[in-house]
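Just below is one structure, and these are the notes that go with it.
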Amino acid sequence: MTVSLLSLDAVSKNFGGNHAVSNVSFTLKEGEIVGLIGPNGAGKTTLVNVITGVQRASSGRICFGDLDVTEQRPYQAARRGLARTFQIVQPFPAMTVLENVAAGALFGGAQSSRAEATDVARKNLEFVGLAGFADRPASALTLAGRKRLELAKSLAMQPKLLMLDEVNAGLNASEIDGALTLIRKIAERGITILVIEHLMKVVMSLAQRLLVLHHGQLIADGVPTDIVDDPRVIEAYLGGKFAERLKGIRQHG
Amino acid sequence: MQYLQLLANGIVLGALYACLAVGFSLVWGVLNVINLLHGSFIILGGYLAFFAWHNFGIHPLLALPGVALILYGIGYVTQLMIINRVVKEPVLVTLTLTFGLDLILYNFMTVYYTATPRRVTLDLGHIELAGVFMPVDRLFGMLLALLLTGMLYLLLRTSRTGRAIVAVRMDNAAAALMGIQVERIYAITFGIGALMAGAAGAIFSMVFPITTNLAGDFLGKAFVVCVIGGLGSVPGALVGGLALGVIESFAGQLFGPQHALTVGFLLMMILLIVKPTGLTGIKGYE
Amino acid sequence: MAEPLLQIEGLSAGYGDVRVLWDISLAVEPGEIACIVGSNGAGKTTLLCTISGLVRASSGHVRMAGEDITATSVDQILERGIAHVPEGRRLFRGLSVRDNLMLGAYLRRDNAGIARDLDYVYSLFPILRERQRQDATTLSGGEQQMCAVGRGIMSRPKLLMIDELSLGLAPMLVERLSEALLEINRSGITVLLVEQDVMTAFEVARHGFVIETGRVGMCGATKDLAEDPAIRQAYLGM
Amino acid sequence: MSDTQRYVAFALWVFALASTPLWAENYTVRMAILIAMFTALTLSWNFIGGLTGYPSLATAAFFGLGSYVGALLQGAGAPMLVAWIAATVFVGVLAAVFGVIILRLRGHYFAIGSFGLVEVLRLVISSWGSLTGGGDGLNVPLVQGGPNAVAQTFLAVMVVIMVIVFVVTVLVDRGRLGFGLRCIQQNEDAADMVGVDTTRFKVYAFTLSALFCGTVGAAYASWTGYIDPTDSFSILMTIKVPVMCLLGGAGTLLGPVVGTATFMILEEIVWANFLDYNRAILGAFTVALILFLPGGLLRIDYRNLVTRFAARPGRSGAPA
């Protein structure tokens, strides 16, 4: 019997009169890879912000394990094992790549000394394939490199749950393949992963389960093969015209 | 009746404060620069008006446009040639820069004008209404201050340049896409800030004796008004100025005049913590 | 073939040490609607910013109607007839819809022409006329996009560049805006559309450029691109 | 330059300052005392302004508070050393309390909030005449001994304080706290995200930046024998200290030391030669520093955090 790691109960987030996230409930089980998809502006990033305490939920309850974490601050989330990467990467630009990752290990992970943190950082840099750049400033990395750096930093925090916000954005096809392989390897370590993507294709092969967000509402929660056939999802995600066309293609092909 | 008198004094003072602070507030809001030169600009305006009256017998009202124009020129050039070079740098950099510039201006003013208090005395008499006593020159100063502040408001609301200033304040990259030359707008804005300071100084010279030692006090008032009223907005400066004037007037009565300033500053600190957008709630920058 | 309106040759650009665009070449014909598609972060926005002068090119050239405008300032480029509707609308808070539109005409001095174009924008998007006194940032997402597009037209450009027309909008609104775009194009304005929503882009545009990690991956007529198996796989999810 | 070389350089400088009574006349010794004193202040400011990147203008608030607490305690009969330590502790506690309140502000608002501390404290002290003597100032029991002996005592005191602040800086810089502060300086939101308790760290940094200002203030009061509100809560000091730090290079170990020495020696030369225009020359020097030497004498660093590009909406989240 798998245990629930993260559960959201009727979580909403309003900005003024704008319901960025409304009444979202779902559960992540330990060891799962779950995709959170939805068109741009659907509220995916807001939802992640609410889970990690960057923004406070307007209503609802968030539990991490047995702990109510609705009111937590971001640094507490990090220490409890809720790590995330950012859609727009957020390195410490003037620090070296190694220091960036060591910061994750020292403050978010269990390391107590800077030397230990540096060791952990090195291992994680190797894991994501950035070992050769350890002593370069983070600002000198390419976009793909920065994404890997974000990943290494998050891993150094020894998370139980890793939320990847558009890790593949801006990468080319072969880089995406590399990233997907990496994500699978992370999952093998037993880390639960929530992949946030606006491109459906990327998560299809990766996730065991998909959550679909549209205009702040969770409109579907199920296995990928069911999700792609769900007319509501197709409509919301691809627009009515495209949905019709897709139907046409399916009928002919 | 005493309260009515205090209120009247406060409002007169408040109108002057609004005029004194509005340029500072505009520069801060649009350029994101704290202009430590502002206090010295006020003194310079006051001195120019005083010497025009004292040496050439020019009535301050006639001198005012000239003084304002000179200050505008100084402000415009200062921004264009010097401050624009670091305008996007962190707070400390621009703050230090304007501090350095202020040291220079202040030094030259003390050398050439010394710190002797100077005042334009017009002897306009006073009026009394419902037991409230009010010298006419003060009343006159208040009206002038309100007029100038109102004109600035209209300029920002209705003119093409005014729209451009507001646009730059809200989003300078998008403003650039409209064809607005952001750095030029910065210079114009800084010029307007200096202009308002100079005009306020000229008005002050008719009401109070002015000395270079007051530069710091004026700057302090501008800070307080800005934080009370909210950043970069004309109505905000008006509300903040009037609020500070009235509060100082009453606090002076209640706790003694030497504490009036303390109360104003304490209020500023409290507002800064509790409501950084100021009383008007018009949002400035973080 | 006629001389292209906008021609980009070997353009590279980036921010600080990080290079985002690599050797981009493309051309937009006068009178057409062209589109640039690609995934999030591929460099589409940077490309538009480089064309409009917000970002400096590190090498290569941008030519407008044959004239090299690579090192020209933003306002000069606008004066040459390139308007850029930025991603996320970027309307000015605190200013009315009308003031926002008028700022689009900031560089123009022909008041009669400005009034005429304002009328044209209002006829294109009647809702804007109704709301002209309202703070522009209180409009709904779709109305804001209309206002942003209208603001772009107010400079009376030869080339209108729109970054993410459909971002965060319901499909119905996207359709409404696409129709307006075709209308604008019929009035003689060339359009360069940047979109993540490949379907919408291919529907309205004649030529398309696919950008992948800062390079032009593929280009051609949109009807051919739509049939390309690689593109269908990557962007259309088919 | 390796760390060891930095320590050696600092040790040589300490030796040079401390040995002035042996090879120079009173004027130079007095200068050495002031340099040591201001170096302690700039090194202190470096905790919050350099390492953490928060533009604090509160130096004079803590200096002034320290001088008054020290003077009042000494006036009440407390031994000098006890008064100094008490002043340090008092200022530290108060700074922590103020820090919790004003460190929620960022950028300009923090600068004003910290500057407001100076003004409010000055006004409170000058209004509270019954305790502080108000604008008339306060006399502090003088240290016994001839002028030379007194000068040598206070030179030793200031140099020791300076060395203590330096050592604390080294310890912080090498430890978890310093690392966390650098993360905050680079990107506060990202620091929060990797698990840095940013509020707590910032309060630590602010308190550290205040503590030794309190000690220096108290020692200064004992040295001069007289303090008044305008002199103790000096606006010039509160801005001069960050300027000196910027001159040397904010956020570095030796930057505050180099900056202070350079600035004060230059200032002295200007004072001696251009009495009428000393402020203007100081001003011109400051302007030139900002325009032509933005990274300070030692390195260009703090500038990197603002290489934001034009196309980002509004103001970026980076602490500016």
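Read from first to last, the chains carry the letters A, B, C and D; within each, the first residue is number 1.
Here is the rule we go by: a residue touches a chain if its C-beta (ideal position, glycine included) is under 8 Å from a C-beta of that chain, and two chains touch if they have at least 3 such contacts.
The structure presented is a predicted model; accordingly, all values stated were derived computationally and were not measured.
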Q. What's the chain with its C-alpha centre farthest out from chain C?
A. D
Q | Which of A-D and B-D has more C-beta pairs touching across its chains | A | B-D
Q) At what distance in angstrom does the C-alpha mean of chain D lie from that of chain A? A) 43
Q. Just how far, in Å, is the C-alpha centre of chain D from the one of chain B?
A. 31
Q: Quick one: report the Å distance separating chain A from chain B, using the average Cα coordinate of each chain.
A: 50
Q | Centre distance in Å when chain C and chain D are each reduced to the mean of their C-alpha atoms | A | 52
Q: Find every residue in chain D that makes contact with two or more other chains and list them.
A: 305, 307, 310-311, 313
**Q.** Touching two or more other chains - residue numbers and ranges from chain B
**A.** 171, 173, 176
Q) Using the touch rule from the top of the page, what residues of chain A touch 2 or more other chains? A) 139
**Q.** Contacting residues of chain A [partner chain D, same complex]
**A.** 52, 54, 73-75, 78-79, 84, 86, 90-95, 99, 102-104, 106-109, 113-114, 139, 153, 157
Q) Taking the complex as given, what residues does chain B use to touch chain C? A) 160, 163-164, 166-167, 170-171, 173-181
Q: In the complex, go through chain D and note every residue touching chain A.
A: 174-176, 179-180, 182-183, 186-187, 189-198, 301, 304-305, 307
Q) In the complex of these two chains, what residues of chain C are touching chain B? A) 52, 54, 73-75, 78-79, 83-84, 86, 90-95, 99, 102-104, 106-107, 151, 155
Q: Provide the residue numbers of chain D that touch chain B in the complex, in ascending order.
A: 49, 53, 55, 57, 101-102, 104-109, 111-113, 115-117, 119-120, 123-124, 126-127, 235, 239, 242-243, 246, 276-280, 282-287, 289-291, 294, 302-303, 305-306, 308, 310-315, 320
